[in-house]
Amino acid sequence: MDVPETEFAPWNDADEKPLIRFRNVTKRFGEFVAIDDLSLDIYEQEFFALLGPSGCGKTTMMRMLAGFENPSEGDIELAGQNIVPVPPNKRAVNMMFQSYALFPHLSVWDNIAFGLRRDRLPKAQVQARVEEMLKLTRLERFATRKPHQISGGQRQRVALARSLAKAPKLLLLDEPLGALDKKLRQETQFELMDIQEKTGTTFVIVTHDQEEAMTVASRVAVMDEGRLIQVSTPADLYEWPDNVYVADFIGDVNLIKGRTTASGDERYRIDWIDGQPPLNGVSKTVFSDGQTCHLAIRPEKITISTDKPVDADNAVQGKVLDIAYLGNLSTYHVELASGTVIKAQTSNTRRISRRSFTWEDPVWLSWTATAGVMLAQ
Amino acid sequence: MRKFALIAVPYLWLLALFLVPFLIVLKISLSDIALAIPPYVPKWDWATGFGAFFSQLDFENYIFLTEDDLYWKAYLSSFKIAAISTMFTLLIGYPIAYGMARSPEEWRPTLMMLIILPFWTSFLIRVYAWMGILSQEGLLNQFLLWTGIIAAPLTILNTNTAVYIGIVYTYLPFMILPIYAALDRMDGSLIEAAEDLGCSRLMAFWLVTIPLSKNGIIAGSFLVFIPALGEFVIPSLLGGSGTLMIGKVLWEEFFSNRDWPVASAVAVILLLLLIIPIVLFQRNQQKQAEAEQ
Amino acid sequence: MIRLSWFNVVSLTLGFAFLYIPMVILVIYSFNKSKLVTVWGGFSTKWYGELMQNEAFLDAAWVTLKVAVISSSIATVLGTMAALVLVRAGRFSGRMLFSGMIYAPLVMPEVITGLSLLLLFIGLGLDRGVLTIVLAHTTFSMCYVSVVVSSRLVTFDWSLEEAALDLGCSKTEAFRLVTLPIIAPAVIAGWLLAFTLSLDDLVIASFTSGPSATTLPIKIFSAVRLGVSPEINALSTIMITIVAVGVITASLVSKRQLVRQKREEQAAFRAQ
């Protein structure tokens, strides 16, 4: 998530034409509104992730792109053309299904060739393209096997090869790694990114796994109840969430609710619990005096110490309630006198025996004014 | 358009060859008998339409059914025979299904095949097979005389007993399969848990196995009871002149007495009687399907 | 958990004995020299010879086979269509009636089905013969086919058909190239079921056949009504043998396929 995204950012370029454009799309199933007046641009060569809990509408978005559902209102454009009236078999869009949907009665080779044959391509051309796809996904050895004769990871690669074979303008991936175990999933994530880069195809991936979205995507759209909550690069999503929902959904966070008072240029004082000193924060968005504000601070941005830190913007005292040891990291749950629990995370650069805090120890937590994000809602 | 054709073809076929014929039965059951071909006077006439139809509509065939005690005796007797044979099928089928579910895993497909195999063989032949066994000089009597259990041959063929045997024999697979399916799904550790909690083997069977196979028992019982109720072949081959079953009565009314209106009325009432067990069966199946989701 | 107690052994043995002894006796007595079916008079195959000379039986067998092949083939097409409608078509007006008409013939007593169809054919002025039997058999066996096929379609992964559309198939192509090959075993099973039901049927055929066409079950029924006959035993033996060979072969083949598929899946899993 720290990969620099500086070179590739067509969404910041006003002249760039998007490949896909959702224009005020609404999709209803009976009474249920799956997609609610949604507009979104996706650019060529992007690896775009739709992230959200199940039922948030992300799968409906994907199925509308593939052509299996039509919007109730609004248009969807692909390369400047409205594709709503185009049936799925005539769209330059291919999909990799969550279940892979490999044809069980056909070999790996025939599965990959299936789409090419529908285009009535000459035999030699089909042959060449299938070989190319097999090579790309390292499946040459398995060409004659049937889907049930290969492993889960290999099936996933066949599904990918099959959907890429027709060189679509847009590839849709529906929870592509959901069926794989954790280790294989991580390897495959990098493989996917590699293939995306090699082929230069625009990928749109649907996932409920935030780590997966953050790892593979150039931009992530966080969705909930048929609406876009935030569309940003993974780093921005983590560091600059727009609202409490995103801050809470992505990674671990401390959310402190208080009231703001302006205390200087873009600086604010936050009164939060009686008896605790007010907190200091920075925000580019303007807060009026007395406005409710949620201060979101990531646990790793909080320092834990035995002595009261000098010159810290914010410092609070409490005692260690719980320690979650994760190997590389430890998360301390610190309870303040008011009963509020704040999480702080440290890297375990030293061995356990030499660590300084244990249960019930009185400790100080401190962070800078710029460490947190002030959110109005 | 494609979807329309897909629906229309089987729909029209069933309308023409299932629903319409049944409406004709209903209509003829309300007609008068006549010595002609077809041997009835239709009450429905397109020329006179509905008004005339309802004005002359008479239920005399149905009234006839209630007056002649042959019919209601036949209905009652069919019910009794179907119920008793269903009970026997359950008593014989359950231990077999249980034994199959408890047998080593590698035997089960073979045992399953052996249960299904008779189903593929001709029903008529399976009923016929018992004629040679149950007759006065038949093999069963020969065997019993030889062992000395009986002194004189028993009369079994052409009695209700033979009908029971025939129904149990031919419908046994319908009872075994659903019960086996229910028992096979059952988690074996449930019995162990019951025994661990202090049940004896028998109590565990009564308190755990039986309730869990209840749906299979109900499904199997209906699958035997419903077709047994309208059975024709078994009572006419194995039963005697005293065996009254409604399917047989209908057949004779139609082919021997050539009284089509009465035969149709018998059919309509048989169907009405069947609706109750069929609805109960459907409900059980639905409940089971919902429980599985 | 797998312990075959004496109780289970006894109930299985007695149960299968009950199911099979009558048929075994039938087969044994078909080789009886004596005309008296209950007295063993020595081994002979003469009844098979007489059966082969019996023109009436051979004619009836030919009619039966013809009816079974034609009716089960039409029933398979109609039943598969009906199954697709039941599982896929969603809501349409008259759906309740449609599914009612599919399920009702399964529980309808044969005497009623037969009677009602006969009355229809008479009403239409249709001469009773092969055609009327075929129409009758198609109607009730298509319902069995649709039950068999729809139980397969319920577990069918529809994303396979979507994948075919996505890769450029028209709807018809997707059905022909993907759905049909995958559900083929169920369609074949449906055909076999329809075929056997048609071969087996006595009651409906009795109502719908005319003097021009008599089926084998009708012939057998009128013969056995008069009592047990060794010729019928011989005929039964032939029919039982055909069915047994068919069913046993089919189950062996499918078992071997299953074992192979399992082994390959395990191999693929280990290789991963």
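Per-chain numbering from 1; labels A, B and C assigned in written order.
In this section, a residue touches a chain if its C-beta (ideal position, glycine included) is under 8 Å from a C-beta of that chain, and two chains touch if they have at least 3 such contacts.
These figures come from a predicted structure and were not determined experimentally.
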| field | Mutual neighbours - chains that touch subunit A and subunit C alike | value | none
| With chain centres set to the mean of the C-alpha atoms, which chain is at the far end from subunit A? | B
| said: Of the chains shown, whose Cα centre falls closest to the middle of all protein Cα atoms? | reply: C
| note | Chain centres from averaged Cα atoms put subunit A and subunit C apart, in whole Å, by 55
| message | Based only on mean CA positions, could you tell me how far subunit B sits from subunit C in angstrom? | response | 18
| task | Go ahead and note the Å separation of the Cα centroids belonging to subunit A and subunit B. | result | 60
| Footprint of subunit C on subunit B - complex, ascending | 2-3, 6-7, 9-11, 13-15, 17-22, 24-25, 28, 38, 92-93, 95-96, 98-100, 102-105, 109-111, 113-118, 120-126, 128-133, 135, 137-139, 142, 169, 172, 188-189, 191-192, 226-227, 229-233, 236-237, 247, 250-251, 254, 260, 263-264, 267, 270-271, 274, 278, 281
| query | Taking the complex as given, what residues does subunit C use to touch subunit A? | reply | 157, 159-160, 162-170, 173, 177-178, 181-182, 261, 264-265, 267-269, 271-272
| Residue ranges of subunit A in contact with subunit C within the complex | 66-68, 87-90, 93-95, 97-99, 101, 103-105, 114-115, 118-119, 148-154, 162-163, 166, 184
| note | Listed in rising order, the residues of subunit C that touch subunit B in the complex are 1-5, 7-9, 11-12, 15-16, 18-20, 22-23, 25-26, 29, 37-39, 78-79, 81-82, 84-85, 89, 92, 94, 97-98, 101-102, 104-105, 107-112, 115-117, 119-120, 122-123, 135-136, 138-139, 142, 146, 171-172, 196, 199-200, 202-203, 217, 220-221, 224-225, 227-228, 232-233, 236, 239-240, 243-244, 246-248, 251, 255
